[in-house]
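One structure is given here, and the rest of the page talks about it.
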Amino acid sequence: MDLTLTESEAAFRDEARDWFAKNHPGETPRGDEKVEFEFRRSWQKTLHDGGWAGLSWPAEFGGRGASLIEQTLFNEEMGAADAPLPANVLGLVMGGPVVIAHGDEAQKERYLEPILSAEEIWCQGFSEPESGSDLASLKTRAVKSDGGWKITGQKVWTTYAHEAKWCMLLARTDQDAPKHQGITYFLLDMDQAEVEVRPLRQITGEAEFNEIFLEEAFVPDENIVGEVGAGWSVAITTLMFERAGLGALAVVGLGRAYEELLKLIAERDVGSDPSVRERMAKLKIGLEAMRLGAMRTLTATMKTGIPGPEASLGKWEWAVLNQEMTDLATEILGVDGLKSDEEWTYRFLRSRANSIEGGTTEVLKNIVAERVLGLPRLR
Amino acid sequence: MDLTLTESEAAFRDEARDWFAKNHPGETPRGDEKVEFEFRRSWQKTLHDGGWAGLSWPAEFGGRGASLIEQTLFNEEMGAADAPLPANVLGLVMGGPVVIAHGDEAQKERYLEPILSAEEIWCQGFSEPESGSDLASLKTRAVKSDGGWKITGQKVWTTYAHEAKWCMLLARTDQDAPKHQGITYFLLDMDQAEVEVRPLRQITGEAEFNEIFLEEAFVPDENIVGEVGAGWSVAITTLMFERAGLGALAVVGLGRAYEELLKLIAERDVGSDPSVRERMAKLKIGLEAMRLGAMRTLTATMKTGIPGPEASLGKWEWAVLNQEMTDLATEILGVDGLKSDEEWTYRFLRSRANSIEGGTTEVLKNIVAERVLGLPRLR
Amino acid sequence: MNFDLTEDQREIKDVARQFLESRCKLDDVRKAADAGSYDEGLWKEICELGWPGIATPEADGGQGLGMVELATICEELGYACAPVPFMGSVIDSLVIAAGGSDEQRARWLPNLATGEVRGAAVMVDSSPWVAIDTEGATVVVTPDSKGVGRVGEASELEIVPLDLIDKTRSYGEVASTDGFGEELPPEHYQGVLKSQVALSAEMLGLAQRAMEMAVDYARDREQFGRPIGAYQAVSHRCAEMLYAVEETRSLVYYAAWCADAEPETLPLAAAMAKAQASEASWSVVSSSLQVHGGIGFTWEHDLQFLLKRARTDGRLLGTPKQERARVADLVGV
Amino acid sequence: MNFDLTEDQREIKDVARQFLESRCKLDDVRKAADAGSYDEGLWKEICELGWPGIATPEADGGQGLGMVELATICEELGYACAPVPFMGSVIDSLVIAAGGSDEQRARWLPNLATGEVRGAAVMVDSSPWVAIDTEGATVVVTPDSKGVGRVGEASELEIVPLDLIDKTRSYGEVASTDGFGEELPPEHYQGVLKSQVALSAEMLGLAQRAMEMAVDYARDREQFGRPIGAYQAVSHRCAEMLYAVEETRSLVYYAAWCADAEPETLPLAAAMAKAQASEASWSVVSSSLQVHGGIGFTWEHDLQFLLKRARTDGRLLGTPKQERARVADLVGV
């Protein structure tokens, strides 16, 4: 057991730190979503030029081939530098890795570079209004047509859909096959009249997500990733990439929020309140447990390819901690914590979805019970 | 809505209060179980002579025919007077009422008076090691024999079995009938060699309960309550009586424990600790909610015969509150709260079973979800 | 001893439910919230029904009923999440009736009872000081920085509109109320305690509604081939909501009864009710959101109105923490 | 960066598990608890294996390994709930190694490492003062009423046996340690922090065992026609146990690593580990009891040993509340 960095790890970290210091794009412009998005697109180009986009991708596909530890170090430095997220997060974290893992040569040739450069933004079309946690019950249908498929249905909880060129889309190509079969993984061109994107407003007031309505939208055969009918296993890979990629960012994000909360406590002079102290201590313990759990997962994955039992906990822990942290912050703020334009109020409301999005806490508990503890399935 | 007592209610309360003041038997002798039990038997005789045993039983069967409110008032006065429990609790609360509701004339003639006078103690043989929450899966079998039944099996969690003359026993008389049918309700004479009683020690060290081993124990036909094969519905009645009878006592008991906890806090001088204050306030709120809930149930039952939605909560609330109260007490006591001979330590350990005995909290939640909220059953 | 509404009280509650079910659907709440104003038509009808004066003495132009009756109305208004300036007017009435001089009573109570005049009330007396139902209010009841109660004309007070998450009610920030209007004697405090009970009853209604929405959804929504309400993760969560709601109901109506019949118990009963209602209404609405999943998190879904009002109500007239501290004091910890 | 046991560390842990599985079944724990004494045969073998001196420097007669290695042993002893006077001796060794003079080291450490001498340690320094592993102890490490560390002969201290719920260890009450033995310099405190880590590792083992017992029971026990582990009320409870256990594991081994490699972080890491382990081990054992139902509440069932030791350990060397207060201090709240 050794949590110190090796020489090469330390060198990598120093290089990243140094690069961020020199290339930080300044504060992200707020207020106009378009402007903010273009800012992040340009920031991703800078990252790409610096050789930092597609950090985990193999070098042959334009990535850096960084180890898991290097990815973690990079994320930590990105957090420490308070750098913005690149524009094409889903392309980098999910789209590219899936194409690399399951795509054919032509697809690799076609899609990877524009992901890295943020020329083409990617979004994900998995969830549907009816399917929820039961993802495989999706109803969007693809019907064979000349040289491709015509797809009809509705997707929901799609980020960046209004900016995206490509959508990773799951649709049912065989109505008669069992639930998990008969699903195919498509890359849908969003630039067609048959695709309608509507913003989906949340209780926070913002429209972080979209709904997508498909009315015989066309996808040519060559835009299928993997085999027809094999989309479920390709999707599972995507979701694994999502969890790993976003998980590392989550630890960094929570750590920074905790620092802000410490400042808030000092400003409001409530640091002597025993219940505030108690809750802050519990949060610190939870944050450290989550950070250390991520390190354990990293170690296990690098050694054996298989993460340990703690790996299923990260998303669950994140939801618990973020909800408690924002709850405490808004309590400390009193009525200010009810104001619509207060940042912590936004975070508080937004955090209520943390135990739902990307796997509900209930589903995560099922997974832990069944897959980690080996308890019988309830079906 | 009116929580004040009517004149006749107030008169009843005064009468009870006055009677307890004049007839209180003094402190219960501790240490020797036998001596303690005989003390309580003699105390029950005093209650019976005073006309207070079988409070809820109709006057024609030797009871007092008291209303539900009068029963509650009586329990409150008993609590306030710190009077001991009568010896034959299960006979008074369950046995008698079941015989009155389902027994024939001969049974009423035979059993009721000795219950009131505590001449014959009653116990309950429902639970089995394998059956747990799934009571109807019981395996104890009764085989028809000359003039009666021979019963073989094992019962568990039986209180007062070593003192009891009669056991309310459920056994399966038809192996082929569906689970809830084929069960018969027997009154088993405990004075026979075929009945072996073994104390069942708990983690507290005491043996509050017993196991009963039956090896062809004989019960004559006339000792069946209700019809052969109709035991399940008779048992349900018994359990309803149990919950109502013991529920009222629980509120009184918790209230007294809270007073003791207040004293402990004063003695240990921890009343200025904000977390102690916060937890005591939460406990008070919970205790009041439970007390008021019991009053609501009382009102609804008297008006319509049907308790309201809050009635399913009493047992659940009791477990939550007693566990939290004893947890707080032992925390305040520090290492003293770990000492084997400390009363709060005993209560703390004992309370761990509160969420299991008499209906686990999980089963109670099922009941609330299915019967009160009308959610679908999970079967 | 009878812990249940009388027939008359039950009738008041049922009529209120029926009226609001037809006149104040959640769609109407949404319209008002989107417009950032009250539903004036609804308010007019409510005034015609005499609700604002239900607990105001007959001599002061009200219906002369008690806190239990008022609580049933508040519960139903909470259940409907009605966008009307009811609470501010009622609080002003309760406080002035408890501590106002003859002149003050005569000046305000009859007009508050008919709705001719609307009241605002300062509900948070620490930075920032927050008043509710400030929009269109003529009279304001408030403590000052020394805790002395005061009543006066809204026009004499500088009120800056506050944009809180709850859009079903108007809120305003008040810089200072020292020297504002006229002083009220200590007796007015009984009215403040009653106000806590009224607000708690509103939260009870919010929680009841959020629970019903969760249960309905859990019965309908299917996942993995069965209604989600058949999973204990959901059904036990719903059972826990019932636990929270029914405990709140007991404590709220008990406090209302104490206000009418046993005023010496009201300080403890009101503190318990407010602590419980604030805590329970938030836990139930947020738990209901978890049952609803993603859909409950959308702007299109009506749960947000209950969620945001419950969170806000819980901070007004004493937070759970403050009220529990009061309970601890009163039980002698 | 590598958050995993090395092969050597894994080997130590596996060997300990195998040894204790054969030599210290829960039946053996029961025998010792019933007799109110240690399992002397087991202790002798443990001493032969060199466990008491595993983290004692080689120069002081130990194996010269680190806190991570010691933590694996403590975890396994907790998992077995072993009735041996290990913890007291180890704590004495850690404290004397951290702050003892050459003479004190020479006098105690080699004998503690071989088990020739047993150590008791005062773990609660408020009324009553409580020492563990007092039975048969020759040396005692303790703070005095001013918080100064002291070490001396057990025979010089009046120790009254304490009958606590945990019967798998001996406890004693100490009236005063002022002036007892010899003073230790402030450096000894690093040994106290390490002791917290050792005790936390033991609690981790207790929790792991209680969780496994619950999961095994939930797989086997049938109710209403299926294993109870198929009900979410049970399976989610078990998942929550894993959450608690794995968070504890991360924090305990992190603190052990800090003790060896980053001593400046140890005060925070030890406080976090102790708070977490105390809280989690109790929540897991009591949750395991709920899964077991009535049978888990019987004297015949082995869960009681884990339950009672977890409750007791949680109060020694700092309660969760005390340790969280320390965490708050150290993070600058």
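Order as written gives the chain letters A, B, C and D; numbering starts at 1 within each chain.
FYI, a contact is a pair of C-beta atoms (placed from the backbone, for glycine too) under 8 Å apart; a residue touches a chain by one contact, two chains touch by 3 or more.
This is a predicted model, so every value here is computed, not measured.
**Q** Hey, which chain ends up farthest from subunit C, C-alpha centres compared?
**A** Greatest centre separation from subunit C goes to chain D.
**Q** When the C-alpha atoms of subunit B and subunit D are each averaged to a single point, how far apart are the two points in Å?
**A** About 40 Å separates the centre of subunit B from that of subunit D.
**Q** From the mean C-alpha coordinate of subunit A to that of subunit B, what's the distance rounded to whole Å?
**A** 54
**Q** Where does subunit B touch two or more other chains at once, residue-wise?
**A** Residues 274-275, 278, 362, 365, 378 of subunit B touch two or more partner chains.
**Q** Note the residues in subunit D that touch 2 or more other chains, in rising order.
**A** In subunit D, 231-234, 236, 321 touch at least two other chains.
**Q** Chain touch graph shape: choose line, ring, star, complete or other and state it.
**A** Topology of touching chains reads as complete, every chain touching all others.
**Q** Spell out the residues on subunit B that touch subunit D in their complex, using ranges where they run on.
**A** 127, 129, 132-134, 137, 156-157, 200-203, 205, 275, 331, 334-341, 345, 349, 352-353, 355-357, 360-362, 365, 378-379
**Q** Which part of subunit C faces subunit D closely enough to touch in the complex?
**A** Residue list for subunit C touching subunit D: 231-233, 236.
**Q** Which residues of subunit B touch subunit A once you look at their complex with the stated criterion?
**A** Its residues touching subunit A are 273-275, 278.
**Q** Sort out for me which residues of subunit D touch subunit A in the complex.
**A** Within the complex, subunit D touches subunit A at residues 1-6, 9, 68, 215, 218-219, 226-227, 229-232, 234-236, 238-240, 242-243, 246-251, 253-254, 256-257, 261-262, 272, 275-276, 321, 323-325, 327-328, 331-333.
**Q** Can you list the subunit A residues touching subunit D in their complex?
**A** 1-6, 9, 69, 262, 265, 271, 274, 276-278, 280-282, 284-286, 288-290, 292-293, 295-296, 298-300, 303, 309-310, 313, 316-317, 362, 364-366, 368-370, 372-378
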